[in-house]
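Written below as structure tokens is the structure these notes are about.
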Amino acid sequence: MKELTTDYLEDAIEDSRPFAASGNVNMSLPNFDETMKDMLGVSIITTDQQCYSAGDHLQVIPMQSTSKVVGLMLALQDFGKERVFNAVGMEPMGDFFNSISQLESFDTSKPFNPMINAGAIAVAAMIKGQSPENRFSRYLDFLKEMTDNDQLYMSEDVYEAEKANSARNRSLAYFMQSTGTLVTDVEEALDLYFRMNSVMMCSDDFARIGLFLACGGRSPQTGERLIPPHHLRTVKAIMMTSGMYNSSGHYAVEAGFPCKSGVSGSIIGAIPGRMGVGVIGPAIDEKGNSTAGGALIKKLSQDLGLNMFGEKGGFG
Amino acid sequence: MKELTTDYLEDAIEDSRPFAASGNVNMSLPNFDETMKDMLGVSIITTDQQCYSAGDHLQVIPMQSTSKVVGLMLALQDFGKERVFNAVGMEPMGDFFNSISQLESFDTSKPFNPMINAGAIAVAAMIKGQSPENRFSRYLDFLKEMTDNDQLYMSEDVYEAEKANSARNRSLAYFMQSTGTLVTDVEEALDLYFRMNSVMMCSDDFARIGLFLACGGRSPQTGERLIPPHHLRTVKAIMMTSGMYNSSGHYAVEAGFPCKSGVSGSIIGAIPGRMGVGVIGPAIDEKGNSTAGGALIKKLSQDLGLNMFGEKGGFG
Amino acid sequence: MKELTTDYLEDAIEDSRPFAASGNVNMSLPNFDETMKDMLGVSIITTDQQCYSAGDHLQVIPMQSTSKVVGLMLALQDFGKERVFNAVGMEPMGDFFNSISQLESFDTSKPFNPMINAGAIAVAAMIKGQSPENRFSRYLDFLKEMTDNDQLYMSEDVYEAEKANSARNRSLAYFMQSTGTLVTDVEEALDLYFRMNSVMMCSDDFARIGLFLACGGRSPQTGERLIPPHHLRTVKAIMMTSGMYNSSGHYAVEAGFPCKSGVSGSIIGAIPGRMGVGVIGPAIDEKGNSTAGGALIKKLSQDLGLNMFGEKGGFG
Amino acid sequence: MKELTTDYLEDAIEDSRPFAASGNVNMSLPNFDETMKDMLGVSIITTDQQCYSAGDHLQVIPMQSTSKVVGLMLALQDFGKERVFNAVGMEPMGDFFNSISQLESFDTSKPFNPMINAGAIAVAAMIKGQSPENRFSRYLDFLKEMTDNDQLYMSEDVYEAEKANSARNRSLAYFMQSTGTLVTDVEEALDLYFRMNSVMMCSDDFARIGLFLACGGRSPQTGERLIPPHHLRTVKAIMMTSGMYNSSGHYAVEAGFPCKSGVSGSIIGAIPGRMGVGVIGPAIDEKGNSTAGGALIKKLSQDLGLNMFGEKGGFG
């Protein structure tokens, strides 16, 4: 077991960076190019608000699918667990994140869970607000509060790229409309989903989200509970079974704590009662997970004893 | 939060028993009939070897799929993690436990994980021994040691029923032979699998297996480590993502600790560093999980603070 | 073998009408209601231009999927066989006409054939014209010429209903955009597809289309060939393997000549070198075929010796 | 249009032989090797018993899947159409011949049609006989009579190879047992199926089977009807929609008459009322069809006017 220090994190970054070589940068994201391939940054914030960072931790990248955990928290708050899970399942699935067969192959045509695209679009449709603008600003304000960072913003370029590359998500959304899963305006739900994916963050921010999930959903400034513990448990359990695309089982075994990744190379980790972890590493594997970031997550688990399935329960 | 006492368990049994009404007893098992529908028993054994039991905790039933966790421990011990997971995946899947489409629909034709029938048959083929008899006696001896119960036995009736009702499992096994996943003798692997499912146990025994998983894989008599901690972490993580058939996601959210169920109505629960849980409740739902037993597992989690995703890490 | 006369057709209608009882009228079509359930009309036009009709043969209904054969003829004419079948396959499939899994489950993501919705939308995108209006008027003019009926028109009500009920087709179309199968404007392709389905016809008109396919693609007025024989062979072969939804194999066996049905209860039959058949019978089965109309088609085949697989080659 | 002569066939062989280059010889068959790659033989026998042959028409190869049409004729004779198609469907499918997903994905778990392996195994189980030996000798006697060749024999080598390579078919058969589709002894049904595939023939024999199908099911010696016309129509219709694996739609368009292929490179063609065609060409494509043989079939159709969808009905 090693001690969590900035020096340790610097070493861990250098040990993990070579894994970037086996991944590829997602060039469909604006300004993402080969020069980003070796980037790797990490931030860890502990319950007692100590913050440790290393590597490219100030590089901002779009949230992409890490937005799914934040959207789910808001929808649970707005509609309650029962209504949310009437529309979306909570079962892991053995298929790619944009699978449409999965929607068709079961009786209910309910998306398997909120961590896949179809599920997250259905969840986005459950975020309340008087107008589309209002729904997005609720989301952004919630993010700013949880990360204690009022500089967060949506990248117009990323948003435009999301829209320009939206055929598959549009197909998923109209499929859900055809089966009655999506009953609100399809284009509005998609638009909010695209905007949510386009908020820019660095690994410090991702770690703040992890800490928020790990330690009671409290505002870092006021200590006030913004999301009740039972909703956070739900979100973390779903991250564990489904947060890392169709490598979720692998990460449950090898990291052993709840994570959520995005195709920008982002990863949020939440170690209950202990810390939040944020990682950025733009080279991703064919499943959508950061290759160097994933290696780093597994190393942290082993070195710092973060595997929840250890014999000391989250400490072994 | 409630205190764990025998009285508490008696109350919990009575609160959960009515859920049996929505399930059905699996009549394909010998001696299983309507009179068993309302049976419900529970045992909990804590790290300090305190044992609490209530209800029909002495009723013996066949292990059925709970054998999958024991087989996996032996195969990991015999072949190591890398070789085991070359043959079987570790990803959860959104399909029924005896799905064959799943085997066909992915490039590798590797079973998704060791908790589904195909995966468990492939795992059984990796348990070492000079002869089929020897392989099964290694399994039974391992069980006797871990449960501290040398009375454990295989029911010939259950074994015969397994064989008589084996067409689907035989189809899965030959499919794996055709894709090269199963390279040993198919009929021998199936025979061992059927025998493993046919060992009879009461909830005390199931709880002992849970404790073994939860607390370091030690012999209850000698305290000697029989299985190293890293294999136990692997098994528990896979139980969390895949142990409750295609309700595994639901149980990760609602119970929040690793469980494995069988169609006899058995459930093994392992709360890392704290306790093992054994449940028997023969009325099962259409997914294969005990209805009253599942309700009881969720109640225990809530009342005793066993949800690992809570903000205190396995204590909230 | 019976003789083709109007009296014979009247009797055949009465023998087949009771099969309407097992079907249901497609209430999502405007003005379709229970009063139409027992309607059944038939028209047969032979190579020598003799026309025989019986029953409700003057009732007009929307073309629905029978439009697929006409769209395919135009696309083959406009783009040639090679380019059309680069975008759409020609293989029958064992799945429902609006399946999206089918699009996902094969490497190319090419729709199986032009008789299913996805394929027909891709085909509609290949009908030439300077503008959307022009593309539809080319289609309507083609229909008017082939049926010798310049009164044909598109029902605005049906078109509006198609649009209002379009989520599944929109999902299919955007899916094809996401895989690069559909490269033109998705909404324009869908709009043309909806309009094509909304042209109103009676069974005389459907029989004219059958005759056009059966006997050389000639204008009834001028005798001029509008579509070359090799394209007609292609269309008829695809009707045989795929024209009757996922009962196509059944109709190949039981009728034995190329047919295409629509969910309005329409059927076009083309007996090569002999005659065209048009049927309307709004009560459809769960696969989408007219129940009484299908029974009638099979009866005609048997009574008039229209099964092409007979030992006298289309006469036995 | 060309005239059918031996000279014509010799030319057609030479035109088609180069297509062998794109295929591969199925090396899992005994004695099949690279030296057979360029082999191509054809035989045509017309209604008036004229026989034309060219190329390697005397080369004997195993029937492989061409046995499926003969087995279907016997089962229809033994059990009648209704009972046969209660156990097996008659719908084409868009999947590979040994698909097992297909068996699982539909309610009934009935194989799609008798031309795929699962369907043919179910059909083999419906061939009557007092003993396994008797069932096979009925099949072989039927073949001898229809081909007027009492020298036909089963290759023990091929039969042994079939058995040694049987895991996938065994998986399909046990799957059907598990769903109740296959109620007779699984191993006996498989054994008969393997034997049926192992009968050796040259293209003259294949052409005789085609003629039998095309022209009334009559004994070549006695002229007696062995199979009634309605069963032959059924078999030919199913060959048209499903006889050429998942290129059946392609061959319906490009050849336009009923065919059945085998992975030995065999093809049987039946042009109703006109002729039988037999082809051998061991180089097969990835779907299982002879590449040179398929090219030849399409050339014959075009040159000799055999496309049944032509405007003169089987003559255009």
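Order of writing sets the labels: A, B, C and D. Residues in every chain begin at 1.
One rule holds in what follows: a contact is a pair of C-beta atoms (placed from the backbone, for glycine too) under 8 Å apart; a residue touches a chain by one contact, two chains touch by 3 or more.
Since we're looking at a predicted model, the values are computed, not measured.
Enquirer: Both subunit A and subunit D are touched by which chains?
Expert: Correct list: B, C.
Enquirer: So which chains are sitting against subunit A and subunit B at once?
Expert: none
Enquirer: By mean C-alpha coordinates, which chain is most distant from subunit C?
Expert: B
Enquirer: So how far apart, in whole Å, are subunit A and subunit C when each is placed at the average of its C-alpha atoms?
Expert: Roughly 48 Å, centre to centre.
Enquirer: Could you please state the distance in Å, as a whole number, between where the Cα atoms of subunit B are centred and where those of subunit C are centred?
Expert: 55
Enquirer: Would you mind pulling out the distance in Å between where the CA atoms of subunit C average out and where those of subunit D do?
Expert: So the centre of subunit C lies 31 Å away from the centre of subunit D.
Enquirer: Spell out, as numbers or ranges, the residues of subunit C touching 2 or more other chains.
Expert: Where subunit C meets two or more other chains at a single residue, that happens at 105.
Enquirer: Using the touch rule from the top of the page, what pairs of chains touch, sorted by label?
Expert: A-B, A-C, B-D, C-D
Enquirer: Sort out for me which residues of subunit C touch subunit A in the complex.
Expert: The touching residues are 99-101, 103-105, 167-168, 170-175, 177-178, 186.
Enquirer: Report the residues of subunit B in contact with subunit A in the complex, numbered from low to high.
Expert: 89-95, 102, 106, 112-113, 214-216, 229, 232-234, 236-238, 240-242, 246-250, 252-253, 256, 258, 271-274, 307-316
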